[in-house]
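I have placed the structure first, in the form of structure tokens, so that the comments after it can refer back to it.
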């Protein structure tokens, strides 16, 4: 990630790198208190200076102070003027600790506290101060990030310093980043040789530098830079295509997850389950509830939510089946009416019992952010997990439907209920199990969606239409169809979006579905044969 | 019973049995040609280079083992299934392969399905009404009136099929055999030039079978009839020419006696006992 | 005792907007309860009449009619989306009702019967852009919005404003998405690309409602931190943040006229009352709630001043009424039926609250007709006699149609 | 084996079966005959529990009161059913159609007995084809095969020869005969075709308008009875 | 071709239609009387508010009848009928917009307000002509009719049936919703068209106009009902049922199933358009919300609740659900969805043929019914 930094900040940062090696020293309590007090009353410019002083103090508590300041957790007790660190800032009473001693001071009403104001600019400065230290830490990953951040911001003194660091650097990736950063600087100085270093780089700063050079006065350098840019452009095009494909697959896998449960309840059983979305919603709320039960362990909670979400939704599904759907045998269309009613009830139930507001579901660390394939292509982790999850759920379902008796029995029951019963198939049990399964899978989808979108009473509504669309587009009753339909609709949508915009892309996809159904009136994978023709 | 007797009086011409004027050109004698027709499903050849000619006014019986392709052949003639290769002509003017089901039906080809198919939510009477030959375009259908004439014709068919008492019943409640009769009745209402009758007597008693036999033989001459049946007694009672289908092509053709003496037919179809 | 004063509450309690509007219903109930505890007004108690227009726009009109014609309420507090207000507008005008509308909106409207206690674009959007430009040095702009009238108009105004300030076409990117849009991958990637051209870039977001959660999630996951490309939102408040994991969002901005975190006793009292009323320690307050607080108090003051709840009298009395707001200042009802508000810019903190990083030195009066739209540049609104016009054209010297006709009725 | 006493059945308000009595002795083939629409199929459905009865008793093997059991349990008691109209599961393959019966097998076997394929070789050939694609006669064979998978004690066949080529009809007759002889199977047959009934049935019962009007050993089936009850 | 109008007269001779029309007209007369004759304060006075509310219900009833025609009798479960309703509504809305003339806030005689402030320079071509009532009213029929014609032609020709058809109708209305949301389309985006002043010269804010609209809607419902009844009692109606239950078989009888479907579908779409057109002046706004797939599903729910394939059941369902909604949202604003959802569930479970089934059971012993069910 590239950030523009001011020259002043950088020179100061370098200064700090030297000072911080003296860490362990302590400033006097008085001195520290004075600085912190000063911070509370100061103007932006003054704060900026105090922050540097704090950082430069070499006090081992400085990092703590800076981080608290940056996180808006440095506060002043209005009455006494004492500076405290807020250790918990939820609700109306906040837990605080003395900033100097670290001693806990219990809870205090928000009214009594005045926050030490911070803003993005100051936060940026603090982050820089902290992160430049990172250039010398042991972890190469941290060094790499720091080095990348320097691209496009190098000046003469820093260049010298970097050259020094480069000599000691043994990690090739960090070396490369440092070299690029230096090359950008040299190119700016008119050094034509730097073009060669930057030729293959996907870094946007490198590209900006090359573009500058291509517009420059030296025809030779300009020509070389233009060539380098062209080859980078080519690489970028490929990367963008890969990115679009990834976006498409990830959108597609969300569609698949949302639809796959419906592919069972609707596609196989023939129940037009308008409450499918609400079953997903239950899965998502289960995740939220799990995280409430296990505060501070969002990851564990999420993993436990997978079975829990399945069970909750499955139980709800079974209740719906027993109380409503079983009375509608042979009247598949009426299930639309009844489950529509159920969906209204479930939505309002959540509004009444929990809240009409969205709930916040935390993304565990291992699912946040993205993994970088190269500087032009990173894959967001939450989506990557969702793609994997969708495939696993799909495979599991396929296994159940293909390899267990349930798969056979449910198809027999839906195709000819009376005959299936005459063959000894316990139709009622099959109904319960199947509907429970489809509902449970909806719950799983909800668990996954909680990592992508709102967890609120409207969650179901936003997916129900798409889900039906996917199932039908794929061909009712065909799980492979659902998979392929979801993935392809997702991909088409994402391919269209860059040039058509989100709204038009969606419209085009819908029109595409309408036209496609003209060509294949029974979806991607139609039920073939005499029986299907009716 | 009485209608049955009336029917056997050959000199009496029932107007409802007369075919509708159809533009079909039968000057060359034949009303239906199938030439080199083949069709396969997922690689399975259900019809294999089938050649068949039905003459105008002929009553033809088609027999053959289960899965020989008899029903599929009818599907091809009526436009339900498109063959992979070959040609199918109705008279010498109409290439059936270029037409869809309603057009083919409008030309005068009527069909009774192997599994009786009637409109279950409509009454027996209404089933017959819809089947009746008439202008079947949308607006004429909307403005069509129920005349005494039509009512009489439907009544006649009801009588003939023994469904008088059930005229107001929904077709959905009919027993299997009653549905068979209803479908035959619908075929009669339609007054086609060519009737394709798939297993008309399945599920009928011997006596009903006889009645059906009389009915079909009575139609022949004015209309062309193709009957598929597995009941040899029935076939024998109506058959003039019999075609034996096997694995999608004609295995033998001739009179009932010739065919039933054919050792191949005995082997694949009739069995030693027959 | 006299008949109670009937207060109609027209907020969606079900459907997509319940998420935002149901808290406003509760706010009103709380305010009414407080007022009654304080003895009501003019010796009369207040009675709330709650209906649910269910996020269904035509139903808003029907319910407004029900409130005015059937329930005979004296005043209505309600609506969130502009379309619902547009739907209700002809009804309140026809039946001569009073409507207090508490949400920030696109402007371009001034009805004799409506009081706009939310922000007009000049009370939110323009100051926010000024802040980004002057304090953060932003040079490149992404205007991202949900595809409906409020974002469209706001962005139109901002576009004109930015261009007037010399921002080039190429430095403005405009993007619209449908309601409830949840797949932000491509758009965020696009923004990232747009922001990597070497100039400081910011996103001005008029993205509404449910689309925000996945949007911010995607920002976080694609690593767009506030320090790189800050997002300033006009429709994301404390209530929306309550449904988002805010950890990755620290530093992104919002512009409002009120934040829950404002350090002020009136605000703390309001919050305490709200928490008690809801029985939920974690209940949050937000800007539209403050707008209702202001609107309600203005109404009470106006009724006191007029000595009656009679609509025309209240209408006349309320102009000029000044009540304290929750941020330590005062709100005055202007002749154009908009109010004066301070503009605050806050940064999101990890606890779902905003910390104020900038505010206007004084309050700003709401402008019904934007100076940055060609059609409305020349219009002003003044509901005092003798002008009594919501859209007076200062060039032609004439009062525009529609509302004038009603006024003369 | 099966005994029916005073059975009455209604479709809505129309009384279809009237005080019906039927006795199906074990190890024999009993043939029910009657014109179209007299209620033969209805009777079979009552035995299987597909239609509910009002009054009367259906007793299996002396002690099981069938009308109290659910349909799915009746097959567990050893009743195999070949319904009229075949009732194949159209979208299941032939093999899957056969496998539906495996659940109730006493031996818990998960394999389709080879015997079925021996009886109807065409089923083996078409193993992977959808049931609904088969020709009418093939479906009929499949329906019989499917009923045999559960290894029934009592086999109910509703017009089993319908639509089947003559040599296979004969073969089905032989199969019935063989199963009765070898396995002691009891067969309840609905059949219109006199020659077939005469050849393979041991006993007959004639129905007319929902009532049993005659029964006896097949040899007692006189032309008179036929004229009276089976002609139109 | 000489078209006999017998098919239209037939329903008028029918007991059930006479009863329906009798009840409808009697109710309308009563409402009119109570509205006009009694003073405002009287307990029995029907207020303008109620008149308009009833007018809105009647619009929904006509819409439900249109849906029942295609769903009940033709077996086409349209999950996109809201689109036709909305198109009719927009055609009317455009007319009403043009009637505002220079009385808009910006005083522009040509352009509606929303175009002015979004900087449109001239009226788009598709807005031309809507200043003329006859043209607009024609478009009320033609716009939905043409859409139905094109869409139906493609779909029925390709033999799209069952859920596939349902889902593409849903896709259709969904796509239109998104399209109408776009401000670029020139239909006012999400805000839609609103702030109408008058219709045919009568002020929309006068009670007399409201009453007139209510009566016009009642008459439209009566005519629509008779047309539908005429169709379903004609031979075409029986052919429709045949198409519904055994499409292939109908074809073998020589009927052009696709044409039958197309004809009925277009008629139904036009009726829906008329319903939409009458709805707009009464509720005062038309916006893309009417295109929302959920609204279309709701229409189907009214029909199912009232009793499918009866026509009058559709009317009952629409009136009942919407009345319930009006009452519940006022009386129990926090819990009305439980009541409405519960109603849907209970009716489906306990009244398999909807409310109409209840009436039928009372009036006539059933002819034992087949357990037939059209494929979804």
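General observations
Per-chain numbering from 1; labels A, B, C, D and E assigned in written order.
In the analysis below, a contact is a pair of C-beta atoms (placed from the backbone, for glycine too) under 8 Å apart; a residue touches a chain by one contact, two chains touch by 3 or more.
Remember, it's a predicted structure, so these values are computed and weren't measured experimentally.
The chains touching subunit C as well as subunit E are A. The chain with its CA mean position farthest from that of subunit D is C. Ranking every chain by how far its Cα centroid lies from the centroid of subunit A, the top place goes to B.
Between the interfaces A-D and B-E, more contacting C-beta pairs are found at B-E. Comparing per-chain C-alpha centres with the mean over every protein C-alpha atom, the closest match is chain E. Once the centre of each chain is set as its mean CA position, subunit A and subunit E turn out to be 43 Å apart.
A straight line joining the Cα centres of subunit B and subunit C is 75 Å long.
Distance from the subunit D centre to the subunit E centre is 52 Å, each centre being the mean of its Cα atoms.
Mean C-alpha position of subunit A lies 30 Å from that of subunit C.
For subunit E, residues touching at least two other chains, in rising order: 178, 181-182, 246, 248, 334, 337, 367-369, 371.
For subunit B, residues touching at least two other chains, in rising order: 41, 80, 173. For subunit D, the set of residues touching two or more other chains reads 11, 133. Residues 1-4, 71-72, 89-92, 110-111, 114-115, 117-121, 123-124, 127, 152, 204-205, 208, 243-244, 247, 250-251, 254, 347-348, 351, 356-363, 368-370, 378, 380-383, 452-458, 461-462, 493-494, 497-498, 501-503, 506 of subunit A touch subunit C in their complex. Of all residues in subunit E, only 47-49, 52-53, 56, 100-108, 113-114, 116-119, 178, 181-183, 188-192, 194-197, 204-205, 283-285, 287, 289-290, 325-326, 329-330, 333-334, 336-337 touch subunit C in the complex they form. Residues 77, 151, 154-155, 157-161, 163-164, 167-168, 170-172, 174-175, 178-179, 181-182, 246-248, 293-294, 297-298, 300-301, 304-305, 308, 334-335, 337-338, 340-345, 347-349, 352, 371, 373-376 of subunit E are the ones touching subunit A in the complex. Within the complex, the subunit B residues that touch subunit D are 1, 4, 41, 44, 64-68, 70-71, 114-115, 162, 173-178, 180-181, 199, 202-208, 211, 230-233, 269-274. Interface residues of subunit A, counted against subunit E in their complex, comprise 270, 272, 274, 324, 327-328, 330-338, 340-345, 347-349, 352, 461, 465, 468-469, 472-473, 476, 503-504, 506-507, 510-511, 513-515, 517-519, 521-523, 533-534.
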